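Mind having a look at this structure? Questions to follow.
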Amino acid sequence: MIEMKNIKVRYSGGIAALNDVNLRIDDGEFVFIVGNSGAGKSTLMKLMLREIIPNEGRVFVNGYNLSKLKGKKIAHFRRTIGVVFQDFRLIPDLTVYDNIAFVLRVTNRSKKYIRQRVPYLLSLVNLADRAKAYPHQLSGGEQQRVALARALANDPPLLIADEPTGNIDPELSYEIVDMLKTINDQGTTVVMVTHQHDLVKYFGGRIINLKRGQISFDELIGGSDEVE
Amino acid sequence: MKWSNFTYLVKQGFGSIWKNKLMSFASFCIILVSMLLTGISSLAMMNLNIIISNIEELNDVVVFMDKGVAEEQINTLHEKLKQTPNVREVKYRSSDEALEEFKQRYDKDYSVIFDKLFENPMPESFIIKLDDISLISNTVDNISTFNDVETVNAPYEFARFLVNMRATLMIIFGFVLFALIVVSLIIISNAVRTSVFIRRKEINIMKYVGATNTFIRTPFFVEGMIIGLIAGVICWLLTKLSYNSVMDLFNSNTALFTAFGIHDNIQFNEISLVVLLLYCGFGAALSAFGTMISMGKHLKV
Amino acid sequence: MIEMKNIKVRYSGGIAALNDVNLRIDDGEFVFIVGNSGAGKSTLMKLMLREIIPNEGRVFVNGYNLSKLKGKKIAHFRRTIGVVFQDFRLIPDLTVYDNIAFVLRVTNRSKKYIRQRVPYLLSLVNLADRAKAYPHQLSGGEQQRVALARALANDPPLLIADEPTGNIDPELSYEIVDMLKTINDQGTTVVMVTHQHDLVKYFGGRIINLKRGQISFDELIGGSDEVE
Amino acid sequence: MKWSNFTYLVKQGFGSIWKNKLMSFASFCIILVSMLLTGISSLAMMNLNIIISNIEELNDVVVFMDKGVAEEQINTLHEKLKQTPNVREVKYRSSDEALEEFKQRYDKDYSVIFDKLFENPMPESFIIKLDDISLISNTVDNISTFNDVETVNAPYEFARFLVNMRATLMIIFGFVLFALIVVSLIIISNAVRTSVFIRRKEINIMKYVGATNTFIRTPFFVEGMIIGLIAGVICWLLTKLSYNSVMDLFNSNTALFTAFGIHDNIQFNEISLVVLLLYCGFGAALSAFGTMISMGKHLKV
């Protein structure tokens, strides 16, 4: 569960990225977040991950009060979330395989488990043959898919994806969102930022529209995939 | 933490030395140079100290007795001198020995003088070595008051010179050492901060995917320690080499050797292990803990 | 004019990113390049900019034979091209203003010209108010737009854009492609990689489809904007 | 290139020192330390050389004439000695002066001796200073063959000692200097390579948007030069301070001062400007050209 109360985020330079945002996302929901460039979508994601803390207001995620989180707790909290960053944030020194294995090692998984899990995740995003490459040796879309595989690695109860299909071709994008839907059906909460309105229209669900730092629209719409 | 994870982190530490060759090498060089300079300076200072005290020892105080004293009086004074504070060693020199010595010393220049001598003009004397040459005037004043002492001949000037020189050199060396240590710490801290700075984004990412500080630090720590240890060993080798070759230079050169009293200078073999341990210890500690400390602010995300 | 002959690009690791590609883009054309993730689109762009040179084959761009280009000539050649990189490649140490001014300074423009031109370019991409920000202080879409503004700065005869709208909302994306079309009408050759098929369908033009390093489709299609 | 563009690039150079504080400071420290060590060692070596040659000069060769020579013979020998190769200075000492000197020198120890003397046993003599003390035995052999020369008294042992010491110390110092220079070059090159490495992506981007190498290099060059110049000036200040304080230490200490013949050591004021120029020159050159060279491979895109 994600709960945000009276959030204000002001960056240096006086930019009010979020202004009086109230939001509640229940466990098991699938939420699309849309909005113009610079509307504050990534800022919202950063709040959920405690990458930044709000200037005003409180954030609760997965039962943690993020304003009060300290030290080791931050790490433990973050392990309950899978994240696809808009700028991927793969570790440049590690291969694709090790980038994904890293988050499994962080959660103390056994060697055996890691050796099974990583290839499975890579095949899920169609990158089984690029396991040994380093991030800078991948195409944009490939990097994005590695980031997605990494986010899924720990079967997190909450998945936050900031434009996970921005560099990926339409067919694959549909496949990926389909996959996220399946994961969602199994109980994972999914929050996904996207600019691809056709995706939103096709899949439907809860749509939150941000406009200049404020929520201008927050409703459930039916997807065309259900209609067809 | 699982054992397999721990070994993984250690392996990572080793691996990243190679992956970050440039920075590893830079840190290595800086730690090496810093320790080498400090270490060699310290050794030089210690040896210089010994050399000066050897030179100091060469300077004896000579106590001349009144002319024509009896053997008993000589013995009494001998005993008394032995018990005088700050006197380390007393050697009796008979008047005959004294004349012989004198002749040998000045024969070449002034042999003509001795032809004119009809009897031995030399008094009985004692040659005294002091514990602390800086207290020479006190001791001489003390001895002058003893019975049967005609005069005490002490190398005041030279003693003062040596004491001053030792003090001066120790001040200079102490200052140099201090400066070297400060400068070493500054440039080592700079080097490790840089090598962490280069990877700050990597560190941030690790934090964002839920790694604990310990998990992130371990490979950096291992990496720092290995670099420090290697620097320590190489430092030790270089020190040993240069120390021994300097010693060889002095040894191959008897004049220098004896003049400087290098007979009981520090032998590298005796301190080899201590030097190795100190180098490795400081190298590993500076590098590993320096790295860990530098990581601090990048871990706060 | 861009001409590629029998191009083969093989990356370390044996990946054949491009395989026997032959291509000719005339001055004044507007070309969409589409294709799956990892098909070799960015590799094609990199060839055009001489970021890489092909293992086999020859590339001619704007009258330069890229295989034979050396030293200062490379810089002069690159000034004839405006590029939007897929990963933006803004200079992190420079503000938005200076990032754009940089390419004008490189071409020896006068101070006065720079002082007029940069604000104009920023307003073109809707970023007039972010001139003093540094790249890391921008949202993904904002960075992408700065990259676009920079590509346009020198009024280059050739514009190469690798997914210039991947992080930008649909409305703005349409506006941007519209702008590129206008520029194209004034004589600039435009080569644009995109995953947004709706854009391609809407604007039409020459479409080149890459599939596993080979051109699988290269035809002119009519856009729906002309029909409407 | 337009003038406004050039001034822009220079400004960029200044600006990026501040933007890259950490690396600028690291480079600065390393250049400073390297030059300081090399510079101070060189100065120490130069002074030591002077000191040793001063000590060498204190050692005279004494030529004793046969007993009872006439004034004419004395003058002839005087002239002859003056024209002898490797003789720099000849001073005549009459037999009376010689006795007086002898008395003063040994009065305290052996005043008893002089009571027994009935006539002056000292011969006429000449005190000679040599140009090159290492050739002492040749010169002495030569002089010994002259008429009316009874014997030549030369400080062979001490001369050999000094010559050896000078040689040994120069070898050690030369080695230290050489090592310092090599090490300095390695760590300075590492430092500038690192500072360029950190910005390699930036350099690449600049190339991709059509900047010429000169355009990209100029700010780096300016930046390197400024860091080098600042390091040079600070180095000069520190050298001046430490040099003068060491000199003060010696000066406040007459015994040391005269013993070491520091009367004509190098005064910092005399070489101040040269030192400043050398420091600044090397600092700026190492830093600026080092940076430029390090950029090489990153510019090849």
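We just call them A, B, C and D in the order they show up, numbering each chain from 1.
In this section, a contact is a pair of C-beta atoms (placed from the backbone, for glycine too) under 8 Å apart; a residue touches a chain by one contact, two chains touch by 3 or more.
Only a predicted model underlies this, so the values are computations on that prediction, with no experimental measurement involved.
Chemist: Using the touch definition from the top, list the chains contacting both chain A and chain B.
Modeler: Expected: no chain.
Chemist: What's the farthest chain from chain D if centres are computed as the mean of the Cα atoms?
Modeler: Using the mean of the C-alpha atoms as each chain's centre, the farthest one from chain D is A.
Chemist: Calculate how many whole Å lie between the centre of chain C and the centre of chain D, each centre taken as the average of the chain's C-alpha atoms.
Modeler: Taking the mean C-alpha position of each chain, the two centres sit 62 Å apart.
Chemist: Can you compute the centre-to-centre distance for chain A and chain C, using the mean CA position of each chain? Integer Å is fine.
Modeler: Centre separation, chain A to chain C: 29 Å.
Chemist: When the centre of a chain is set as the mean of its C-alpha atoms, what distance in Å lies between chain B and chain C?
Modeler: Centres of chain B and chain C (C-alpha means) sit 67 Å apart.
Chemist: Classify the inter-chain contact topology: is it line, ring, star, complete, or other?
Modeler: Graph shape here is a ring: one loop, exactly two partners per chain.
Chemist: For this entry, which pairs of chains touch?
Modeler: Here the touching chain pairs work out to A-B, A-C, B-D, C-D.
Chemist: For the complex, which residues does chain B have touching chain D?
Modeler: Within the complex, chain B contacts chain D at residues 22-23, 25-26, 29-30, 33, 37, 62, 102, 108-110, 112-113, 115-119, 121-123, 151, 153, 157, 160-161, 164-165, 168, 171-172, 175, 179, 183, 186-187, 190-191, 193-194, 197-198, 242, 246, 249-250, 253, 255-256, 259.
Chemist: Please give the residue numbers of chain D that touch chain C in the complex, ascending.
Modeler: 1-2, 4-5, 8, 16, 19-20, 199, 201-202, 205-213, 215, 301
Chemist: Which residues of chain C touch chain D in the complex?
Modeler: Per the stated touch rule, the residues are 49, 51, 71-72, 74-79, 81, 83, 85, 89-93, 102-103, 105-108, 110-111, 150.
Chemist: Under the touch definition given earlier, write down the residues of chain C that touch chain A in their complex.
Modeler: That would be residues 11-13, 34-38, 41-42, 86-87, 132-133, 137, 139-142, 144-145, 162-163, 166-173, 195-198 of chain C.
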